[in-house]
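Paired with subunit B in one complex and with subunit C in the other, subunit A is shared by the two complexes that follow.
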Partner chain A sequence: MLGWIDTLLQGILLGGLYSLYATGLSVIFGIMRLVNLAHGDLIVLGAFLILAATAAGAPLILAFAVVVPLMFFIGYALQSALLNRALGRNILPPLLITFGLSIIVQNGLLETFSADTRRLDIGPLQSASLPLGSGLAVGLMPLICLGAAIGVIVLLNSVFYRTPLGRAFRATSDDVEIAQLMGINNRSIYALTMGIALAVCAIAGFFLGARANFDPSIGPARLLYAFEAVIIGGLGSLWGTLAGGIVVGLAQTIGAHIDPEWQILSGHVAFLIVLVIRPRGLFPRAVD
Partner chain B sequence: MAVLETRELTAFYGDFQALFDITFTLDEGETVAVIGANGAGKSTFLKAIAGLLPRPAAAVRLDGRDIGTLPAYEIVKLGVALVPEGRRLFSSLSVEENLLVGAYGRRRGGAWSLATVYQLFPMLRERRHSPSMALSGGQQQMVAIGRALMSNPRILLCDELSLGLAPIVIRDIYAALADIKARGTSVVLVEQDLAHAMAVADRAYCFMEGRVSLTGRPQELTRDAIHAAYFGL
Partner chain C sequence: MRPEANKPAALGEGRHSPRFAVATATRASIIAALAVIPAVLILIALPAFADRALLQELFYVFTMLTLAQLWNLLAGSAGLISVGQQAFVGMGAYALFAFTIIAGLDPVLSIVLAGIVAGALAVPAALIVFRLRGAYFAIGTWVVAEVCRLVLAQVKHLGGGTGTSLPPDIAGSMIGLDFVRHLFRVRGPAARDILSYWLALVLVVGTFILVYRLLRSRHGLALSAVGDSEPAAESTGVDVFRTKFLIYVVTAIVTGMVGALLFLQKARISPDAAFSLIDWTAYVIFIVVIGGIGTMEGPIIGVVIFYLLQYYLAALGSWYLILLGALAILLMLFAPSGVWGVISHYFDISLFPVRRRLVVPERAGLRKESLR
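For the complex of A and B:
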């Protein structure tokens, strides 16, 4: 019994990490209708940049504080210089660019950091845990990660739903042609969107590196989990994305509890089951 | 002097040419109707002015200044607002948010604010927090007009305001348009409905297959002339 409760807790906490993977993807898709195939690799890039900053002597927290805005600027530049040029009615060109980007990032990381597995050194936090009584405990770092996932969503939602800039984001998402008639420069909205998504990638990369080993090749699997979380949650809702992340996390830990070999497969099976039962996801947006 | 002018304006959708050398003027405070059959190029004309379609650099002038190279989001800041055909409200935004987003790029002072738009369309105040898609067609049209006004335009481009609306609602919309004109706003009014357009217009252009087929003051244009200009008979 206690084993099951522990499994469920671990699953929810793992869901926090998957939700962080998925939030940037969800924002990009929601506003630009673009699937960023390099998303997982950009998360791994975030982890490596933090690693490189700590290797250069920066304390972990400083490395994090520098890499998050750095990734924002990389995203902003990437969208303005590259992806905005491929905008148009045809969705294939931007998709192909992100596919190429995925390969470039993976190979760039391989070239720079080699194929060795790495881990961020988070010191005593690594093993710190919070006792819940009757023998149960949760790791402090996974708990912080879930808190960060929720915090990111609260922050993004308050920007999207409570500020003039956020209205411009939503208007652009609804109807990009008419949005321009309101004085909204859709290209700069898109650049900001990519910047925000990559900043969240950096946060996700931090928790990825703090929680598990990583190497340049693991991006595509993160993309897959993120993608599943977004679809399960329903397009257009960040809270849905959190729920989707938790569903994938729970499915994986429950699967692993039954048989360790089932961990990854169970996540995918849960995804398929949700797709069959609710093709539009758990929390689809009311319109469109 | 003309506030808005087009000279040999052309527009294309891919290889298809939708407008041929349209020469057009709008004077300060004037209301000009653009009429013509479905597919004549009226919406294309408004979109080309508003900057939503590529057009020759010197084909559109505002106060004598070429604006043919400016993107749509810059043109609205110069005081040219478009009420698009079919309303095109932002579906995930509430009524009030639709109005507020209309002021997003506002660079101009002027009479329009949430308060004055609600004065013009009191019905909208009661429904300000409704999702925009929950409104009736007439109310949605009011939101679309209000949204355009929020940028404090001096030139309002209206595309088929009466499309799909009941006569009594059309009357309300046109009453509001009279208020807007009374504040000195110049208006380009695209309509398929001749009677309404001719009743408020100072001048009219009739489009046929992407060309101006007739122009003049409403009282000078006979039914037969308009009929011929509409259908090329």
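For the complex of A and C:
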């Protein structure tokens, strides 16, 4: 019994990490209707950039504080220079551009950092845990990660729903042509969106590196978890994405509890089941 | 989307009708059709005078070309952009190993059965992933492929996560092997290469005929309509779901047969190799995109370019992949219709025309012209 409660707790905490992966993807899709196939690799890029900064002697907090805005600018530049040129009704060009980007980032990391597995050194936080009584305990770092996931969503929602800039975001999302008529420059909105998404990728990359080992090849799997969380949660709702991340996290830890080899498989199967019984996700908002 | 074809129709066409006629053939396509027959005959006879290395290279080119033409049918015509075709390659490959090793069936027969297995997988897969649209459909197909990979890694009879090899006596007992051995007076391994080469030739020619006939049929017209706009297709009476479903299952069957043949030739399988995203989907997409998506000529040019790049640059390892990724991005930005798109735009030719053009004959008192 205690084992199961522990499994469920771990699943929810893992879900926090997955919803951090998924938030960026959800924002990009919500505003641009674009699916970024390089998303997972960009999360891993964030982790490697933080690793490189700490290897250069920067304290972890400083590395984090530098890489998050750096990733914002990379996203801004990526959208302005590449993806804004491929806007339009045809979804193939943006999809294939991000697919090419995924291969470039993955192999670029492989050339730069080798295939070795790495981990961010977070000192005593690594093993610190919070006792919950009767033998149960949760790791402090996973708890902080879940808190960060919630914090990011609260922050993004308050930007989207309480600021003039957020109004422009929502207008662009609802109807890009009318938004343009109202004087909104959709291209700069898109560039900002990609910047925000990549900043969240950097945060996700930090927690990825702090919680587990990583190497250049693990990006695509992160993309799939993120994608599953977005679809399970329902398109267009960030809280839904958090719920979706937790569903994937729970499915994976429950599967792993039964047989360690089933961890990843059970996450995918849970996604397919949700797709069959609730094709629009648990908390659908957007029409498309 | 495609450049307008202004070539007059073939001689004689349109004469039967007093006002106009609908034609698909062009002069270039008739010449191409006449040239294809001797070309195929030469390829059939090639084992008589080519060495093994050339046959092995052509085997790879033919299988990749088949996969590319199938992906092109899905993405270029039906608008179904899949990044999960490795599911069917891997499923076909594993089915071949299961039928030959566990059930003791003949490998050539098993290739056909492997196609059926891949088709059977496509049915539930389609029912699930068709709930997703556009780009989300793409990632959905990828999840299906991952599920297949993870499930087959659990099958201990077929080697689990590390994979297994095809016992030499199985590959040595194929139907037709003795015939090839006597015909060319070669030893076992060389005869196997020749047989695999012929099977790959059958698959590539068969796929071209299948796709060409399909696209020129009513179903092909329905398919193009679905690819252009689903609501518009639906409103003109096209059963959108059925059209997409059939095309998805048919391509899965042939993709599965290609997968079975590929791994029969490799004689070694593992989940990572059989369900490789790079080998069976990324390369395939690259071939189609660089050649020209949505045209039957595109994959032919694409596979030649891909083969040359692979031949000269594959030794660069990761840098080779970075180069392919960068090329694909540049192409999408500056020439999204690919090499064949540029050629057919400037020279106005079509070797495999599938578009119906309205041909108005001169007798009707009008200038001879053709419309889309």
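Just so it is clear, the second predicted complex is superposed on the first by the 285 of 288 C-alpha atoms of A that agree within 3 Å, B and C clash if a C-alpha of one lies under 4 Å from a C-alpha of the other, contacts with A are read in each partner's own complex, and residues count from 1 in each chain.
Quick note on the criterion: a contact is a pair of C-beta atoms (placed from the backbone, for glycine too) under 8 Å apart; a residue touches a chain by one contact, two chains touch by 3 or more.
Given the structure is predicted, the values throughout are model-derived calculations rather than measurements.
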First, second, both or neither for A:I178, with subunit B first and subunit C second: first
Contacts of A:D116 with subunit B and subunit C, given as first, second, both or neither: neither
First, second, both or neither for A:L101, with subunit B first and subunit C second: second
First, second, both or neither for A:I264, with subunit B first and subunit C second: second
Subunit B versus subunit C as contact partner of A:L82, first or second or both or neither: second
Touched partner set for A:A168, first subunit B, second subunit C, both or neither: first
Subunit A: partner with more touched residues, subunit B or subunit C: C
Intersection of subunit A interface sets (partners subunit B, subunit C): 288
Subunit B - residues contacting subunit A, complex: 50-52, 71-73, 76-77, 81-82, 84, 88, 90-93, 97, 100-102, 104-107, 131, 133, 147-148, 151
Residue ranges of subunit A touching subunit B (in the complex, touch as defined): 164, 167-168, 170-171, 173-175, 177-186, 236, 285-288
Complex contacts: residues of subunit C adjacent to subunit A: 75, 81, 83, 128, 131-136, 138-140, 142-144, 146-147, 150-151, 153-154, 277-278, 282, 285, 289, 293, 318-319, 321-322, 324-329, 332-333, 336
Subunit C-facing residues of subunit A, complex: 34-35, 37, 82, 85-86, 90-97, 99-104, 106-108, 110-111, 220, 223-224, 227-228, 231, 261, 264-265, 268-269, 271-272, 275-276, 279, 288
